[in-house]
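Chains: A, B, C and D, in written order; residue numbering restarts at 1 for each.
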Amino acid sequence: MAKLSLKKLTKSYGKVEVLHGIDLEVDDGEFVVFVGPSGCGKSTSLRMIAGLEEITSGEIWIGGRKVNDLEPKDRDIAMVFQNYAIYPHMSVRKNIAFGLWNAPLSKAEKAARIEEVARILDMSELLERKPSQLSGGQRQRVAIGRAMVRNPAVFLFDEPLSNLDAQLRTQMRLEIKKLHQQVGNTIIFVTHDQVEAMTLADRIVIMKDGHIQQVGTPEDVFHAPANTFVAQFIGAPSMNMLNVTGAGDEISLSSGIKMQPGRQTQTGQPLLLGVRPDDLSVDDQNPIVTGKVVVREPLGSETLIYVSGPQGEIVAKVPGKSGVKVGDEVKLGATPEALHFFDTETGDALV
Amino acid sequence: MTAVSDTSELPSVKAETVLSARSRKPANLGQILRWLLLFLGGLLMIAPITYMISTSLKWPHEIYNVNLIPEEPTIENYTYVLEDGRFYLWFVNSIIIAVITTVSNLFFDSLVGYTLCKFRFPGRYIVFIAILSTLMIPTEMLVIPWYMMSQSFGWLDSYWGIMFPGLMTAFGTFLMKQFFESVPDDFLEAARIDGLNEFQIWWKIAMPLVKPALAALAIFVFLGNWTAFLWPLIVTNSVEMYTVPVGLSGFGDEVDVAWELIMTGAAISTLPTLVVFLIFQRFIIRGVVMAGLKG
Amino acid sequence: MSAYKRLSIRQKQIVWAWLFLAIPTLFYGLIRFYPTGTAFVISFQDWNLLGERTWTGLSNYQKLWNDPVFWKVFRNTFAYLIIGTPVSLVISFVIAYHLDKTRFMHGFLRMLYFLPFMTSAVAMAWVWRWFYQPVPIGLFNNFLASAGIPQIAFLNSTTNALPAVLAPAVWAGLGFQVIIFMAGLRAIPGSYYEAAKIDGVGWWTVLTRITLPLLKPTIVFIVVFSSIGFLRIFDHVFNMTTNNPGGPLNATKPLVLMIYETAFSSFDMGYAAAQTVVLFLILLLVSLLQLWILKGDNS
Amino acid sequence: MSRYMKRMALSGLTALATLFGSSAMAVEIEYWQYFFDARVDAMEQLIEKFEEANPDITVKMTHFPYADYRTKVAAAIPAGEGPDVVQLFYGWLNDYIEAGLIQPLPQDAFDPAVIDAEFFPMVQAMKRDGSYYALPTAVRSLALFYNTRLFDEAGIENPPATLDELVETAKKLAKVDGAGNLTQVGITTGMTAQDHHWWREVLVRQFGGDPYSDDYKTVNYTGDAGLDALNFYVGLEKDHKVTQSGFMDEPQAAFKGGRAGMHIDGSFRIGSLNKVRGLKWGVAELPAGPDGTKSNYSSYWVNGITTKAEGEKYDAAVKFLQYLTSDEAMQLWLDVVGELPAKPSVGLIEENASDPTFGPFIKGLEYANTTKFANESAQRQAMVDMVARIDIEGQDPAESLAAAAAEEQKVLDEYYKK
């Protein structure tokens, strides 16, 4: 178990730089999730940590060792692939045993390790099967088992749940989390699914276009997004964004409404006001948005309403029993703490 | 194939699905007709082979008669060919040569095909085109340089001399390259992380995944070497080193060819290839199925 | 070893790649390219195989250009390609398509179709030659004669001989193509067919809109290799026409047979080498063209 | 087990003996010929006798399938492999001399004057600049084979003696079915077999011509004689309808199958005809021409000493070749292989000349000619194409003849220009 640090890590394919200097410190035993849209560089970073991709510049340190030029097998890591990469011609036992290829263990010790891992993953009875006789979830478990048996300093997961159906995904997510709590290794987990990121991570690394946008706990990135990208990427439905203009301790919305955000703004400064659908309440005393409900999506305990007004369309999450109907005029407001302000130009959050 | 007992646990085994998806309804008239036509077609396909066997059972004076059943069937030709002690030697020579060449091709063609498919290195495209271009030169043009080479290295009239030109083929390399395309890189990377070196990755992971293609290649190479004629003829000096086709050509001379003996020899020498085919054919079908299942 | 450890991932890949290629490179260099290079050199020389080689510049190529036999042979070679490839493609597909839908004694039927691929070309050429003879020994003409139809001169004809010689070549190669096609057919996921069944489309539409497009890689593979095969056709032609190699008035002579005769009957190695170079260029051109099409297919 | 096994065991023993025995001092020379049971048998007997007489010399024979014997020799020689004494077809001699592969036979052992006098005259084709380069043990000639059963059926008493009789006899022998398809031919034809020799050296001469002039460097059959000969030949099929080119694939197959009354072929056919059960046949001299001219064609395989043989091997090779061209060897070759002795003194002894089978061939040798080929297969092809153009494309014989002559002349020019 060890710390992992990335220092000014870059990656270029020919003349095209796709990763622009990533700096990150991961603590021992931490569960870090890389999240971002496809092409953001998260998988590339992971593969560079694994040693499958060459490092263009920068350094990677695992457990106090610079591993830039080490073979994957010498980096003290294990990896779980998106499509599991379970060898179809070998039994589950052999697949798991492959994780111990280079381990300086006796046959008996290896066998014991395999049994142990199978027990933890609850698949002792599957050991003699071939992968083609396993369900998707079981295959996933084998892939994890193969990684676990190595007992590495760092676990690397490359979108391991994306091939599973929704129900199984939730279930496996839980299992991975439990597993982490049980074994306590450092985990780097790559996904494009923000829910997965939120539910699993100790810390989330949000990436876009080869840059880290923000690093923080799920609460941090949800409640204090560093910029509009993070704000909109994390949370579902996405954060509503409104164009506003600053005027001292007051701002004016395009709808003409004026309100006090509880902070100072420069007069005439164009700003983006972000507010999460969850933070909006109907019939607020100090509405920031008014409009007609055009679409209603009941989710059971909550209902999403899409409100169209002079400021455009925004979405709000209201209690399931609120009784708002399509066509209703609603006034939506939020507490000042729930409002986020961003620079229109840079998209950075204004603190 | 052993049946999978617990079919409820088979959500995504596509190959099986494909096979069982094909109609397994009770036969209707159309299917019976289809079967009959295919059977007739098959009989037409083997008609020349039937005549080969028929001729091998005829006396020389009868071989030009059209009748399929010999008037006086005889196994004299078989006795003659098989009693000729040399035939066994040729047979053994041919088997040794075909087997070793096949193994060599399976090894090297896949190694090169794999390298060309899965590695990125300077010169890769040139190597591929260069190897492919060797398909373009007919053997007839190469035998003289080969002979001179064999002579200066002392390979004449030896197994090695007969085998060396066929130890690797561009056809096999290309075939294997195509099949390795369908092996996902993840498998190889997983093995890399597990600590296998590149050779082990190829041998332990990639090769088993293309087993069926290897079977197809095996049949192909075996057949090719079993029937090779020109080079074995040129490179051998002694009757004891002949292969079956070279030996059989001795049944013809300046003015005459003993066709009934050629037919007999051909009939006998088809047997090993038939065995090889029967052993490997099921892998071919299965193999390409797996390869075709790529993403 | 430590030097190796200092290499980057990419450099290690290069090291491994060339390590794997080391023996094959040596092999191809020595056993294929060196003789090929020799052939190119000899094409500019005069050599009767037994005596000295003398430089003659381009005269072998000039001779080739002015040789009516060469142009006849050139046309024949392309005739084999242009007739043989599509015919064998269509027949083998039809057989494979129906064989694929047949379960009863499937393995046996498949073997019937594959058997010709395994039998000696020399023996089979004789049987076919014999089938083609006129009355009283020719099987085909006996049928015709008993039906009161005039005989057909199959081999002793300048027009019929080429297709007659091509037929056994197609016949012998059919089994291999059928197997490849069946493998390709098996690889098409059944769900496509199920979807089509639900949509209620006819078999023709299924064939042309689903089966054939999805079979494209298989078809391309077969086309590439059967083209090379037909451009290099030799065994069947040679054995079918041993007493008059290349048929009456060169009606069936392909380029490889001309090369063989020039080299080993006339011992004009320089001229044979020039023909080889031409064949090489044709084959390379055709193959690269097809590979190019294959590539365009993938993107 | 079989005689081959014995033969192999024997050769293995001999090899061992050579390795360990006192005969390690012996000179070993290598001999190559093409593989044919009777030839190999005969040669083995000759070698055995030779080695008996010359205990200090061993001869190692290697043989290859006929189909590619020439290719094989051609591949081996440039690489410096090969025999000390080699058997080659007489038509290849020029190539071998030009390439410096064989050396002239020493005049003291093979006096040209003696050979001129003792051998059949056509052997002189092996002489260059006053020296012989190779000599045959045996020679072959053509004759007319006829099926005695079919002759009896058709009520024919004697084989035809002239070309006119040939046509008449053939007419009686030919049979057609209801549809007019030939089911039995009077005489076989096929330029691809022996007919090109018959046409060139026999028919052209019999119609008053000379196929070549200038020591076979110039084609000379374009005149009337050539045209008459050609018209006669194609007339057999076109006018008289007594034959069909390529009937039953190959002429000898038709004759062996009992579906041909007559067949012109070489003496080398005797052996294989003897093996056909139930076939009764006779041999006659080739029919004479319109003016009674007799002619025949002779070919032969010769043995030469390669340039590889030097020193004691050369001496041994000379001795071996002397033995191969001795009277004893010739008679043995005739008995075992059925090929005719190359010397009249052996061949024309009463016993051989009156032999019902060998007789007509041996008599033919007296007036036989030998074509000096520059490129046998190319020159044969010219003949084959000449007839094919008339048969298949309906070309006028005169035109086809001219085209064939031009084609063949090109082959000759190309060869002799060097």
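Note that in this section a residue touches a chain if its C-beta (ideal position, glycine included) is under 8 Å from a C-beta of that chain, and two chains touch if they have at least 3 such contacts.
This is a predicted model, so every value here is computed, not measured.
Enquirer: Treat touching chains as neighbours and tell me the shortest step distance from chain A to chain D.
Expert: Counted as steps through touching chains, the separation is 2.
Enquirer: Measuring between Cα centroids, which chain is at the maximum distance from chain D?
Expert: Chain centre farthest from chain D's centre: A.
Enquirer: Taking the mean of the CA coordinates per chain, how far is chain A from chain B in Å?
Expert: The answer is 53 Å.
Enquirer: How far is the middle of chain B from the middle of chain D, if each middle is the mean of its Cα atoms, in Å?
Expert: 41
Enquirer: Using Cα averages as centroids, what's the distance between chain A and chain C in whole Å?
Expert: Between these chains, centre-to-centre, one finds 56 Å.
Enquirer: Chain C to chain D: how many Å between their CA centres?
Expert: Each chain's C-alpha centroid was found; their separation is 38 Å.
Enquirer: Would you please write down the residue numbers of chain D that are in contact with two or more other chains?
Expert: As it turns out, chain D has residues touching two or more other chains at 68, 71, 78, 248-249, 257.
Enquirer: So which stretches of chain C touch two or more other chains?
Expert: If we look for residues of chain C contacting two or more partner chains, we find 10, 49, 130, 136-137, 264.
Enquirer: Name the residues of chain A that each touch 2 or more other chains.
Expert: Residues 51-52, 71.
Enquirer: Looking only at which chains touch which, which shape fits best: line, ring, star, complete or other?
Expert: Here the contact pattern is something else, fitting no line, ring, star or complete shape.
Enquirer: Which two-chain combinations qualify as touching?
Expert: Those chain pairs satisfying the definition are A-B, A-C, B-C, B-D, C-D.
Enquirer: In their complex, what parts of chain C are in touch with chain D?
Expert: 48-51, 129-130, 133-137, 141, 145, 148, 150-151, 153, 155-158, 243-244, 248-249, 261, 264-267
Enquirer: Quick one: which bits of chain A touch chain B in the complex? Just the residue numbers, please.
Expert: 50-52, 71-73, 77-79, 81-85, 87-90, 98-99, 101-102, 132-136, 138, 146, 150
Enquirer: Give every residue of chain B touching chain D within the complex, in rising order.
Expert: Residues 59-61, 64, 83-86, 143-144, 147-148, 151-152, 156, 230, 233-234, 237-240, 246, 249-250, 252-256.
Enquirer: Spell out the residues on chain B that touch chain A in their complex, using ranges where they run on.
Expert: It comes out as residues 4, 6, 9-13, 16, 184, 186-187, 189-196, 205, 208-209, 211, 290.
Enquirer: Which positions of chain B touch chain C when the two form their complex?
Expert: Residue positions touching the partner: 14, 17-24, 27, 31, 34-35, 37-39, 41-43, 45-46, 48-49, 51-52, 55, 64-66, 108, 111-112, 114-115, 119-122, 124, 127, 129-138, 140-142, 144-146, 149, 164-165, 167-168, 171, 178, 198-199, 202, 216, 220, 223, 227, 229, 245, 248-249, 259, 262-263, 265-267, 269-270, 273-274, 277-278, 281, 284-285, 287-289, 291-293.
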